[in-house]
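These notes open a run of structures that come right after.
One chain, subunit A, appears in both complexes that follow, with subunit B as partner in the first and subunit C in the second.
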Partner chain A sequence: MAEMKDVVLEYIIDEYVDEDDDLEVGVDSPLISSGIVDSFSMVSLKIFLEKKYDIKLPDDEATPDAFDTVTKIVELVKKHQG
Partner chain B sequence: MSNIRSYEERLKGFDWSVSREVLGWTEGELLNIGHMCSDRICANGGADRTALIWEGFGGKKQTYTFDDLRVHSNAFAKLLQDQGLEPGDRICIFMDKIPSLYFSFLGILKMGGIAQPLFSAFGDESLEVRLDSAGTRAILTTQKHVKKVRKILDRLPELKHIIVVEGNEAKLKDGEVFFDVEAAPRVEEFDSFRAEPESPSVLHYTSGTTGQPKGAMHVHSSVWGQVLTASWVLDLRPDDIYWCTADPGWVTGTSYGIIGPWALGITQCVLDSGFTSKRWYEFIQDNRVTVWYSAPTAIRSLMRDGEDLVRAHDLSTLRHLASVGEPLNAEAVIWSEKAYGLPFHDTFWQTETGAMMIVNYPGMPIKPGSMGKPFPGIGAGLLDLETQEPVDEPGKVGLIAFRPGWPSMFRRYWKKPDIYRSKFAGAADDAMPDELRTDESLWYVSGDRASVDKDGYWWFVGRDDDVINTGGHLVGPFEIESALVEHEAIAEAAAIGKPDDVNMEVVKAVVTLNPGFEPSGDLELSIMNFIRKRLSPLAMPQEIEYVEKLPKTRSGKILRRYLRALEWGEEVGDLSTLEDD
Partner chain C sequence: MAFTDKTRQLFAEEIAAIKEKGLFKEKRFICSPQGAAIRVEYPEGAAQEDVLNFCANNYLGLSSHPDVIAAAHEGLDSRGYGMSSVRFICGTQDIHRELQDKVSAFLGMEDTLLFPSCMDANGGVFEAILEPEDVIIADRLIHASLVDGIRLCAAEYDTFKHMNMKHLEKKLELHQDKRTRLIVTDGVFSMDGDLCPLDEMCALAEKYDAMVLVDESHASGFIGKTGRGTHEHFDVIDKVDLITTTFGKGLGGASGGCVSGKRELIELCRQKARPYLFSNSMAPPIVAASIKVIDLISASTERRDKLEANTKRFREGMEAAGLNIRPGETPIVPVMLYNAKLANDMSRDMYAEGIYVIGFFFPVVPAGQARIRVQLSAAHEDEHIDKCVAAFKKVGEKYGILGLDKKGIIDKYGM
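== the complex of A and B ==
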């Protein structure tokens, strides 16, 4: 089974990065502060995570800072998986 | 002492010519915004003054003087002229907030073109609608965004020039021109277009309830409104470091992110990276920002991150704060005074008004949550919701309206005279834009509702139509619904605003599905991403509700106001036109 960080990274690359962008996105690449994912689009990313991992992420924890890298996102998801 | 000194005193015998005095303007000078924001500042001794401090993601930082601004905008003006573009041509700017956006904006105006800035997060469909409507002849973009232009180029016969200003030249396609202004030869001299006061300058697209977005056209003499409000409301002074957080794809980003401050010779900062509270505070601290013009959505996000983060930064250079885009709630005003030691001053205006209309002034007591008072020279009134007759009873809700004739007023909707006429209460059926914009017996009706208290303070109530104000940006339901029904699963759709703590409203879609499709989490995500890519992240529904049937009038029109009332827990009103089951 694929690791969570790989699944999340693949989703972000598929949905937010154009094929011919000269961008190398890794698990520690800034997403929000770099502008790859904007604050409005965070909502669809949050919904993806909630559905994929059957969790509920409280709005006050789904902040731009908490979503700024795949590593941070994985930490947040794991916290709510209990 | 603030620039405005006393609001009450300024009201007495007000005349817009005071704006010329603020600039030290003499009759016979060239009235061209591009020239006024660069050459004129240099000619008056400001050539070496810093015009732009720009920071991008990853520590990139550049600083430009007003002389750099002059030379680089000259280069863009010459390039466009050399490409065969002419005064009056619509030239789109479609890029992130990189320095070339600012240089090219002034360059377009210098060669007499009409600048059409568009938000770079727009998807290809949003872009196509706006370029097609304007009959845009050229687009300035970057390698990052040119792909969206290529996708729609075949359907835009009037678009003849694609100019890529940043990226890898080797990746361009046939017919595209690459232009790196900082690598190009300096253009020391450019004979700027001799604009008349009514020469078109900027075309900003704005959304309405019905139909596709409309292009609100502004003119070079708008500068008088933008300069005076920048001076009296933003209180800009020669030694300020000013930060307007708006993107020039929207009107705030041009009126107060380019024109007003630079015509005054003020140093501006631009941050071109994603939002985090920490990054914003670092930016203010590092650049010693003194005046900050932002938006309620951002302010509420900063509130969420708390005062400890504020205290972790040195923000002591800040001396004046203002806000625009949507009503600033009282809590945010009170919080900012506590957190920063300064209240945010709310300002109300629109794409169509081109400059601030009802505002809170430096030095005037703020009633938290109020829009403030009308700017001197602005004939503001409230009209009865039904009769459109003026109302002057304190506390009574009416439509916000303005007497035509202020300098920065939009002069028309591009090729849509009927829609322009429909915005004026009391207009004759055959009145044309030039009559409407000068007839002070009419009212320009803004589409927003408010009340006025006994002290003359205005209080925002809400929109008078179905337009969704999300994060300070107006999004048209029609445009979203048109895109929604292009999704293979959706049969019919309504787009409405739903309440949101940070963005005031976000988009919610209420849809019926085609046979063979069932509601599911995957479908919800598919619809969201479909709209995000086609239109923009702002237009992306943040919630999707599946219904068996949408409420409609007997004539088959979807009743958005009914859905909206249910969403907001409001009275649903008269349902006599509702279709029977």
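== the complex of A and C ==
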């Protein structure tokens, strides 16, 4: 089974990066602070994570800082998976 | 005194941080009526300069039109200055009803409700009509006021890539379990000048049982062959469920906005929209002038035709001069520079050439997408447009960007 970080990274590239954007995105690339994902469209990522991993991410934890890299996102999801 | 030196220092540091990031907005004063040629004091305290204005939302050149001014005077004389009330208590005059009816007829909608601004209309419409079991699916580059309104609403929301209909379809499929789906977009996007493909969007809305809301603030009065808007341009007037728009741009430029659309949705806004319930009515002189504007543009397409011709002249001139403009057909023309400092420096040099334009950069536009946004007006004459193009050519030459594409400019200046 694919590792969570690979699944999340693949989703982010598919969801937020256009083919002509010419961007290299890795697990530790800043997403929000770099402008790849803005605070408005971040909700799509939250919906994906909640559906994919059957969890509920509270708004006060699904913050721009907590979503800023794939590594941080994986930490947050794992915490809520118990 | 609670505002101690320590407290003052706290806020001063925040302002300093904004300046540090290069995001501080300077004061600029217009010392004349709004128009193609204006008198400006900039920076504050400097001598006033006569410049040509290429950054106003005065698309139809009606901001200082004599008939509009006369109608505002007449409204002031016959209906007074202010209403001192929200609409539903004692703030609705016969002319508010008349304007609502005229806007409904102009836009081809069932009913209309006036708000103090389109920002208020966008802030109130979602919460009034949607519940937690509904979903809003929004283009990622919609106006900030729509974003705020969506965030104030209890419905779930999701986003799709800018004008990407395949991605929208994916999201519509994903949310088929919701009670209702509302697609939200701008008709014309204010920073890019893009026209949303409403024909494709409305076809998807039918296929996936969704409603469509379009913010037409940068379209009402001039997009479409009779200026009804983006829904006229794409021949989907009867397929759009809700339009929000402003009287603060092409339609006279003062203030005020509205939600127009299906009767039941407008009634819910009348009953529940908080900016409608808790903010003052549009002032009578502005209502009277807005009625005149709708009458003027309903009777003749002369002004939107001139705007179209001006847009074509400017776009062709800029391309011939070698500037990198974002292709399109709307009077919003982004001159792409990608680098924030370059956009700032060039706009300052344009001002020295007598052309008032502004540079935009992150976070107003995405990172690496800095540009100078030019806005055409029906008030511009050919010589104004030619002077603006000539100034861009001169300034562009100074910075060595003429004939360069995106890669060429980024290689030279970085992002």
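One rule holds for everything that comes next: the second predicted complex is superposed on the first by the 82 of 82 C-alpha atoms of A that agree within 3 Å, B and C clash if a C-alpha of one lies under 4 Å from a C-alpha of the other, contacts with A are read in each partner's own complex, and residues count from 1 in each chain.
Heads up, the rule we're going with is that a contact is a pair of C-beta atoms (placed from the backbone, for glycine too) under 8 Å apart; a residue touches a chain by one contact, two chains touch by 3 or more.
All figures in this text were calculated on a predicted structure; none of them were measured in a lab.
Judged by the touch definition given at the top, the superposed model places A:Ser41 against both subunit B and subunit C. Contact with both subunit B and subunit C is seen for A:Asp18 once the two complexes are overlaid on the shared chain. Look at A:Asp6: by the touch rule set out above, it reaches neither subunit B nor subunit C.
With both complexes superposed, B is the one of subunit B and subunit C in contact with more subunit A residues. Shared interface residues of subunit A (contacting subunit B in one complex, subunit C in the other): 15, 18, 34-35, 38, 40-41, 43-44, 47. Residues 15, 18, 34-35, 38, 40-41, 43-44, 47 of subunit A are the ones touching subunit C in the complex. On subunit C, the positions that touch subunit A within their shared complex are 138, 140, 147, 156-159, 161, 171, 174, 362-363, 366-368.
Subunit A contributes residues 15, 18, 20-22, 30-41, 43-44, 47-48, 51, 59-60, 63-65, 68 to its touches with subunit B in the complex. Residues 57-58, 96, 121, 144, 147, 168, 171, 272-279, 301, 304-305, 470-471, 501, 503, 506, 521-522, 524-525, 528-529, 532, 537-538, 540, 542 of subunit B are the ones that touch subunit A when the two sit in their complex.
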